[in-house]
């Protein structure tokens, strides 16, 4: 559903400047083209939505950004650097996290542990102190726990802290998932890229919207502009091509 | 009535993150350890030797496999092989450097098992689930073969066996035939408490969380920045470390010498996996329940039935024990797929509201 | 980005390493050819022995595959079902001839087969009732452990009823050929046991029969439907429970045939259980759901193992057969994680 | 109902946990005997167990025990598993057994270090640790009548006889087919020494315990090596498979010679006609013609107190069990004579065993004339290294093939002593013998 990137202070990119740009990306599975020649950019601090009907290529697009898929053509520039092949955990460590269209929480773990997992990248104490759970390991654990508790307060999920998320209703799971994504970056003024089917939700929230259909970009702009676009209306109403 | 957390408020995160946040649990653990400390002086040698010592020695391996299977979601059928690595490593170390205390070597033997474990854990990057389980059989059979084939491992002993030499601590024999059973028990207990403490520290911290994340959804885990390679190999290393220490304890403090090559056979691997599942995957306390189930149940059935007047011969008992273990396993899985640990939890839950359930 | 990247999994080894391996492989193949052609008759004999062992591995694997396809259960007890069914056959033959005083011979042998088949049916029915039905929708490992529990139960039960001593398989009473034919060819001799030929023939017939059953009968179609989707099967009008009984029964019959063949080469005892584990490496090769995979995988493992032990074993002091099958399977798996006939797995999120 | 069940299980648990097993009332001699009637080796374990069990039952039924006291004979099932064997050792200890009979090499090795501490002698008859033949180092362990090293030596003697002299061994290829476990590997050092001495090629053919019933590749290798003779150091399901595979691979079965543990009737019989000519070493006779076997049939089998089917009584491994029981009974008599006690303990039993001297007359007196060669144990020789002979399977029964083969004591004994010394040095703190020597023979 969303995509969180780091704040300006750490990247040297000012608010409003381009943080990530997708240039002429195409992705094929065998003979099937999932994305063809799509370009757009995401600016620092904005809420950017990627929408489109089922099978439009939204998830594939995100998977490219995340490093799950390698596009056959085109490239992705992140923080001004053209990215070579990247593994998902590398993408994560450069500040890209995501949630999934379907809930992808760690079902056997508690809410707290799920969100704490989001902090993994920022935790560095090694095996030795981890084994002892004292000294640096404990200090680190407490420091991150504090930040996670802030997120928990922000999302108002204090009551379900120690409940395995598999037992929570869908709505709460979504909230935990948002919490986990926030934990990766723990700043609330971040760039968020949303993917949604639901137009209504998106239009209220986002600053700018990209619309995909059959793997192609059919519109890009502010919600008002996109809403008025004939191609978008056709795509959503299912007009035959 | 007595088992309540009401009124126990955490004023800092350290308290809340303690492994036993409820005071009654901490008291319970203290009581269990106290009982464990006096137990060897209360029971007969028979119980000490045939139930308690193998229970302690094997429980370390069961915790080890639980780290791999229960916490990280990787099934292994090679635990007995890794135990064997620990046993032989300990034997080689103590015969090469007899002046170093055996307790240090028992612990150190875990490192050798860990190294071997990492090597055989490499396929886990490409394969998962039951495929991986079958792949670990390669480790089991290869190691078992190596134990027999490499005479250096047993110091070219013509009988091919490991003979546990006499080793002392403060002048008191702790391994070898003259060591008192009670002493061996207490050493084992020390290892079990220490290793359990380390394991639960680990699973409650960053590394434990990354294991569970890999288990629950490896793709999402990778997106959180967890390196699957590191997490899985770390799980194999830690798990095999525990198995290795367990193997050293098994031979040095329990069996006291045996044809170790045949001792660490596939059957033992299965028993350990059995204990993990029956006890409850992803549960420390479950590991102990599971071990008790596989160690104590057969012995109690076999020797207990005649003791209370049910006349069955040894051979029949052995067959019936197999049937009962099989049937009980299926029954338990049906009643509570999450194992004995879950039943224990439910019991505690009931206790929490007792005596006013509504 | 000029380099065209692919979405397929990255190759495990870099091209340079692969090239080196290929060169080494060519040299290895030449060296191997010299060794192999040294005693051509022995080579043929080794291949034949591997083939026969492979057929037996394939049959055990086939039982696994049938059950896995239809119920998603990894039936660890398949190996034990092989021993258990054979033990039932020999045991009931013994009871009928020795304790009930029936005359030994083909008639009683056929009666014993009927008893064994009936036992496998009862077993299938009980497994469905007592094990599968209450555990339906549990995860893989729980189902696996349930079948491990079943394994222990069957060992105990089999030994309790028929005694623990190994038994000699009835062969001539069942009309199976004994003896052997020696071919003096290739400057040596090649010995073909009639029983092994029979085993290969019976296995082929059985596999063909199963294929026919799956392809052309209503139950068979339902079974295939179940393999694809449980809901689809329901729409065919056969209950899932019935299908499970049928599949387990079929696997039981396959086990009985395997047990007769293996029992005739050795004895019927639970020591066979560990050999049956090798069928697991066949499954890795062939995939858990592919019948042709089980057959081809079985042959690869059987032949690979005999060739390996025969030609490389002495280099390692012998006895490598005990782990070679797993290593072959593992090596294979690293390059093709989905097995021989499995479909490429594309992970979706 | 629920309560009853709970109470029952609590009682079981309690009786095991607290009391352990109180020693039986001391009006009988307690003897806990390991058996394995289940597991991979049960094919060999059952007949042996039956023989020993039936003999003691017969003594109790016929004579009221030994020297007027009953033998409280009890079996303990090990399933050939070391952990179960440890249980059985502990149970024997708790029940005050006078002797521990491990019936597996692994179990023997696990028990040897404890014997002198628990004061329970160990009798590992023709198996176990070969070095334990040296009574000076192992006062509590007995392994008569012969060691594996003597066995391998006797096998080579037999081959030399058949080939027409030791000089004919030069250039021959002789193989050792063995279980890939310590038991199977025991004869390797002696065969290596003999190979050097006589100039034959020694080839090793290990069979992993998991592959006992899957030997075709081993036999292909034997064929490729053009091996002339094969010595089979196998046990359990490995043996019948070996005989069959030999026949399948076209290896002449009369050049396959089994150690005494590979000489069961059920090892040769399953191969049918193909098994005709299979050979094995033995140290006692087969068949039911001996008075002692007849007594067993009369007092035990016909009363329905035996676990063995009548047609198995008198088979080789059954008689092996009887042989063991006769030696044990004789040692008990010795112990009673030495101590003057009727109910003896483990320490007395050790002295009785050390005084064992089964002369031909004693064999006859035990109802087994010409059943086996004499066995004489001394304080320093706990093995006696008695004679063996080679027998051949004729399709129905074992037939004696060779005359007695005397082990080459002068050659094997020094090796045994060396190994015993090595054991003592590698096991720091191994006690020097303090037990008094009391040979009254």
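Per-chain numbering from 1; labels A, B, C and D assigned in written order.
Keep this in mind: a residue touches a chain if its C-beta (ideal position, glycine included) is under 8 Å from a C-beta of that chain, and two chains touch if they have at least 3 such contacts.
Nothing here was measured: the structure is a model prediction, and the numbers come from that model.
Novice: Under the document's definition of touching, what chains do chain B and chain D have as common neighbours?
Specialist: Expected: C.
Novice: Any idea which two chains share the most contacting C-beta pairs?
Specialist: If you count contacting C-beta pairs, the leading pair is B-D.
Novice: When the mean CA coordinate of each chain is compared with the mean CA coordinate of the whole protein, which chain is closest?
Specialist: B
Novice: What is the distance, in whole Å, between the centres of chain A and chain B, each centre taken as the mean of its C-alpha atoms?
Specialist: One centre to the other, that is 41 Å.
Novice: What whole-Å value do you get for the distance between chain C and chain D if each is reduced to the mean of its CA atoms?
Specialist: Distance between chain centres, rounded to whole Å: 37 Å.
Novice: Can you check how far apart chain A and chain C are, centre to centre, with Cα atoms defining each centre and the answer in Å?
Specialist: One centre to the other, that is 47 Å.
Novice: Round to the nearest whole Å and give the separation of the Cα centres of chain A and chain D.
Specialist: 72
Novice: Give me the residue numbers in chain A that touch at least two other chains, ranges are fine.
Specialist: In chain A, 68, 100, 104 touch at least two other chains.
Novice: Tell me, which residues of chain B touch at least two other chains?
Specialist: 141, 144-145, 148-149, 219-220, 266, 315, 319
Novice: Touching two or more other chains, which residues of chain C qualify?
Specialist: In chain C, the residues touching two or more other chains are 159, 164, 274, 277, 317, 319, 322, 349.
Novice: Using the touch definition from the top, list the residues of chain C that touch chain D in their complex.
Specialist: Within the complex, chain C touches chain D at residues 39, 42, 45-46, 49, 52-53, 159, 163-166, 168, 178, 180, 182, 189, 191, 193, 262, 265-267, 269-272, 274-275, 277, 305-306, 309-310, 313-314, 317-319, 321-322.
Novice: For the complex, which residues does chain B have touching chain A?
Specialist: Contact set of chain B toward chain A: 12-14, 17, 198, 201-202, 204-207, 209-210, 212-213, 215-217, 219-228, 234, 282.
Novice: Touching residues of chain D toward chain B in the complex: what are they?
Specialist: Interface residues on the chain D side: 8, 11-13, 15-21, 35, 37-38, 75-77, 79, 81-84, 86-87, 90-91, 93-94, 105-106, 109-110, 112-114, 116-117, 129-131, 180-183, 185-186, 188-189, 206, 208-210, 419, 423, 426-429.
Novice: Could you please specify the touching residues of chain D with respect to chain C in the complex?
Specialist: It comes out as residues 37-40, 42-43, 46, 180, 204-214, 216-218, 220-221, 223-224, 236-237, 240-241, 244, 248-250, 266, 269-270, 272.
Novice: Using the touch rule from the top, collect the residues of chain B that touch chain C in their complex.
Specialist: Where chain B meets chain C, its residues are 69, 75, 123, 126-127, 129-131, 133-135, 137-138, 141-142, 144-145, 148-149, 219-220, 266, 270, 273-274, 277, 281, 315-316, 319-330, 333-334, 337.
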